[in-house]
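Working notes, beginning with the structure itself.
Letters A, B and C name the chains as they come in the text, with residue numbers starting at 1 for each one.
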Amino acid sequence: MDKELENNNIIENKALIECKNVDVFYANQQALFGINLNIGEKEVTSLIGPSGCGKSTFLRCINRMNDVIDICRVEGSIKISNEDIYHPDIDVVELRSRIGMVFQKPNPFPKSVYDNVAYGPKLHGRILHKDDLDEKVEKSLERAGLWSEVKDRLSEPGTSLSGGQQQRLCIARAIAIDPSIILMDEPCSALDPIATAKIEELIDELKDNFTITIVTHSMQQAARVSQRTAFFHLGKLIEVGDTEKIFRSPDHEQTEAYVTGRYG
Amino acid sequence: MNKNFSKRHKAESRFKAYGFFSLIAAATMLAIIIGSMIYRSIPAYTNYTIDLEINMTEISLEDGIDDINYRGILRSSLFSFFPEVQSRSDKRKLFKLISSSATYTLRDFVRENPSYIGKKFYFNVLFTDDSDLFYKGYVDISLPEDERRLDNKEITWLNQLDGTGRVKNKISRNLFLNGDSREPEVAGFWGATIGSLITITVTLLLSFPIGVLTAIYLENFAVKNRITDFIEVNINNLAAVPSIIFGLLGLAVFINFFGMPRSVPLVGGLVLSLMTLPTIIIATRSSLQSVPPSIREAALAMGASEMQVVFQHLLPSAMPGIFTGTIIGLARAFGESAPLLLIGMVAFIVDIPATFTDPATALPVQIYIWADSPERAFVAKTSAATLILISLLILINLAAVLLRKRYEVKW
Amino acid sequence: MDDQHIVTSFDEELKDLTDGLVSLGGLAQLALRNVEQSLRMNDHNLAKQTIEADKQINALQVSLEDLTFNILAKRQPMANDLRLVFSAVKVSLYLERIGDMCKGVCKRIIKGDLLNAKSPNTIDALVNLTKDVQQSLDLVLEDYAQGKADHALDVWRSDIKIDSSYANILTAILNDIKEKPEAIEALVPLFFIARYLERIGDQATNIAEVAHFIVTGEKLGDDRKMKVEDETVF
C-alpha cells in the first residue's frame, strides 16, 4: 500500500505543497499520522473522509491556523514552493497573507461589502490609493462572480447578503490578497444546491489561477470539482489519486467502502 | 393517552397563570412604591411665600449695601400686618413664621439690583417649613396645642396673613437648584446630584479602560495557568463583595495611606471604580466570548495579528455588551451610599461642588441624610430626591438600551 | 460486496438489479437451448415458441433499464456500485441481443426447411457451434451472478475457437453451394444461422469482459476487442 501511495503522490514538477511525515497532536492525542501528500499547483485537490478523520486538521496545517490552539503540535515538514513553513524564521502573519481561506459557515465581517473585500489589501498595506483599492475590490468581486449582484449594495453590511452570496463574498475577500493557495473547509455545507453549484462553478474558474485545496463531505462535490482526491481515515491518508480513479475504481478497500456509502 | 395530554395541557396553563400572577404582583409592588413616593413627595415641589412690602425710601447707597439692616426692614414690614402684636416674645415668634433665609435672599437681591435702594417694592419671601406645611394642610388643628409644631397664636397669625391675599404657593426653585441646608425650605438636591455626577465620571474614566483592557488580556493573551485561574476566581469573587468593604478599603488605602482629602468625589470615584471593575471585566469577557469564533478565524486567516483581531473585530463586535455591562455597573455605583459614607462624603455640604477635589456628597447619601433628619418637611424632600435618583437611573439604563441598539451587530 | 450499504434500500435495489439480470440471463439461456433443439430436431413448433418468448426478454430488459435509471438518479453510485450499475445496462443489452439473435435463428429455421439443404454435416456443425456458444454463455452468466471473473479468460479464449468453427462452417456452406447450386435457397439461411450463432458468442465474450471490469475495474485487452469488432463488421 505504501508503495502505491508513493506512486500516487508523484505529480511531475507540479507539486506546490509538499507534506512529509506530518504528525499532529492535540495534547497527548495524535490526530494525524505521518501524512505524505503532495498538492499540485493550479489544480483542485479535495480531501474527503468521515467526520473526525483529520482532513480539516490537515487543511489547517497548511496555513498554520492550528497555531492558535495552544495544545496543538505539528511535526514533520510542510513545504510551500520548497520553503518549510514551520521553520522558526517564517512569519505566520506573512504566511497567511499568501494563503486565502474559506470556512464552513460564511463568516463575513460585520462591515460593509466593500470593507470586507478591502480588508486584506488594507491590512497588509499593499494598496494605498483609494482608486486602486476600488479597482481591487471590483476585480475581486468580479472574480468571485458577485460583482453584478452587489455593485449597487457595496455599502450594505456583508451580513445582509444571502448565504451563498456571503460565501462568495468570503471567497472575494480571500482572493483580494492575491494568494497563491486557497484553502476551503467545507465551503458549501451551509448552502442550498443552487448556491453550491455557483460556488463549484467558481472553484472551476479559480483553479486556472490558484491552487485550491478543499475539504468536503459531499463525495459528489469532490468528484465534480477536483482533479485529485485524497481519502483520510482515522488520521491516516489512505489513498490519494486522480479523482476519476478514486470514484471509479479506487485501489484501497476502505476508500471503496467509503465512496460507495458502505461505512463512514 | 388522552388523559396524559389533557394533564399536560392543564399543567401548562397553570404554569402560565403562575407566571402571570407573579408579574402582576411585582408590577403592583412597584406601582405602590413609586406611587407612594410620588404622593409623599408632592409637598416638596412647592413652597408658600408672602410678598412683603420693602420700604427702602430712607436708605441710600452711601450706607453700604452690606451694612443695611435687612432683618429690621423685613421685621417692620411683617409687623405692619399685626399692629396689635407688641410683646418681644410674640414679635420674635411672629418673625420665625417666615424663613430665616429671607434676610440673605433680600440682601443678595439688593446687591444685584442696587437701583432698588431708596424705593418701596414688594419682595417675595419664603415661609418656614412649619408654616408651609400648615398652609398645605399637613398640620392637624384638632390635636392639643402642645402636641403641635404651631401653637394657636401662630395659627391665627398665619390665617390672618392668608386673608391679606399676599400669600402664594410657588414652585420651590431651591429644591432643584440648591445644595443641602439645615432649613428644609432652602435645602435642595442639586449639590448632591452634581457630586454624584462628578464621582461617577471619575469612576467611568478609571474603571472602563482598566476593566476592558484587563478583560481583553485575560481573554486573549493570558496563558491559561493556575495564576490566571486564581485571578479569575478572585475577580468573580470581588463582584459579590459587599460595597461597604470597598468603603473600608478606600478609607484605609486612599485616605489614611495616601493621605487624600476626605469627602471629595475623587476618592469616591476611586472607591466606586474598585467596586465597578469586576462587573465591567466580567461583562467584557462574556461579550468577547460571545463574538462568534468564526470571525476571529476569518481575521486570523486573512493574516491579521492577534492585536488587530482584538481591536478591529472582537472589540467592535463586543461593544454593545461592554457598554451594557459598564452602564449596569455604573448604575449600581450611582445608587451606592455605603462606601461613600465611610470616606466622609456624608458631611454636611452646602456649596455645589465644581471640581474633583471639592467636598461633595452624592444623591443616595443625600437621601440618607434627609431620611435621618427630624424635620417633618424632609420626609417629602427624601421622597423627591429618591424619585430624582430613580429617574436618573432610568435615564442611564435607557442610554444602555440605546447604545446597545445603536452598535448591535447582526450575525 | 459482502458488507452492506448504510442505506438498506440501496442494497435492495442493487439486489433487484442483479436478480433481474440473472433471470434475463436465464431466459437467454433457455432461448439458446431451444435453438439448439430446434436445429437438431428441425422442430418448427419450438422455434415458433422461442420467437414468441423473445417478447418477454425485451420486456424484462426494458424494466431493468428503468431500474438502472432510477438507481443512477437517486443514489449516484460510486466506484464498484457505479461499475455494477453501469455494466448492468450493457449486460442487459447484450442479453437482449442474444434473444434477438435466437429469434433470428428460429425465423430462418421456420422459413426454409433445414432438410432441404441436404447437408447433415453442416447442421451437425451448427449444433456443435450452438453447444460451444451455450457453454460460454453459461460460464459467463455464472460468473456474473456470483460477482466473479474466474472464467472470463476461458470464455475469451473459447471465442477464438467459436470464430474458427464459424469460418469452417462458412467454407463448408460455400462448398455446398458450389456443389449443389439447386439447394442454394435452403443453404443461404444456414449461412445466416451460423452468423447469428457467432455473434451470440461475441455477446458472451462481451459479458465476460463486463464481469471482469466489475470485479477489477480494468478492461480486458483492447487488441482483442478490436479484433472482435473487426469481425462483426462484415
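Just so it is clear, a contact is a pair of C-beta atoms (placed from the backbone, for glycine too) under 8 Å apart; a residue touches a chain by one contact, two chains touch by 3 or more.
Fair warning: this is a prediction, and the values are worked out from it, not measured in the lab.
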Distance-to-centre winner among chains (Cα means, whole assembly as reference): A
Farthest chain (mean CA position) relative to chain A: B
Between chain A and chain B, centroid-to-centroid distance (C-alpha), Å: 60
Averaged-CA centre spacing for the pair chain C and chain B, given as whole angstrom: 103
Whole-Å separation of chain centres (CA-atom averages), chain A against chain C: 50
Residue ranges of chain B touching chain A (in the complex, touch as defined): 224, 292, 294-295, 297-305, 308, 313, 316-317, 409-411
In the complex, chain C residues that touch chain A: 3-7, 10, 76-83, 216-218
Complex interface listing, chain A residues touching chain B: 63, 65, 68, 70, 93-97, 99-101, 103, 105, 107-110, 119-120, 123-124, 157, 159, 170, 173-174, 177
For the chain A and chain C complex, residues of the former touching the latter: 219-220, 223, 246-250, 255-257, 259-264
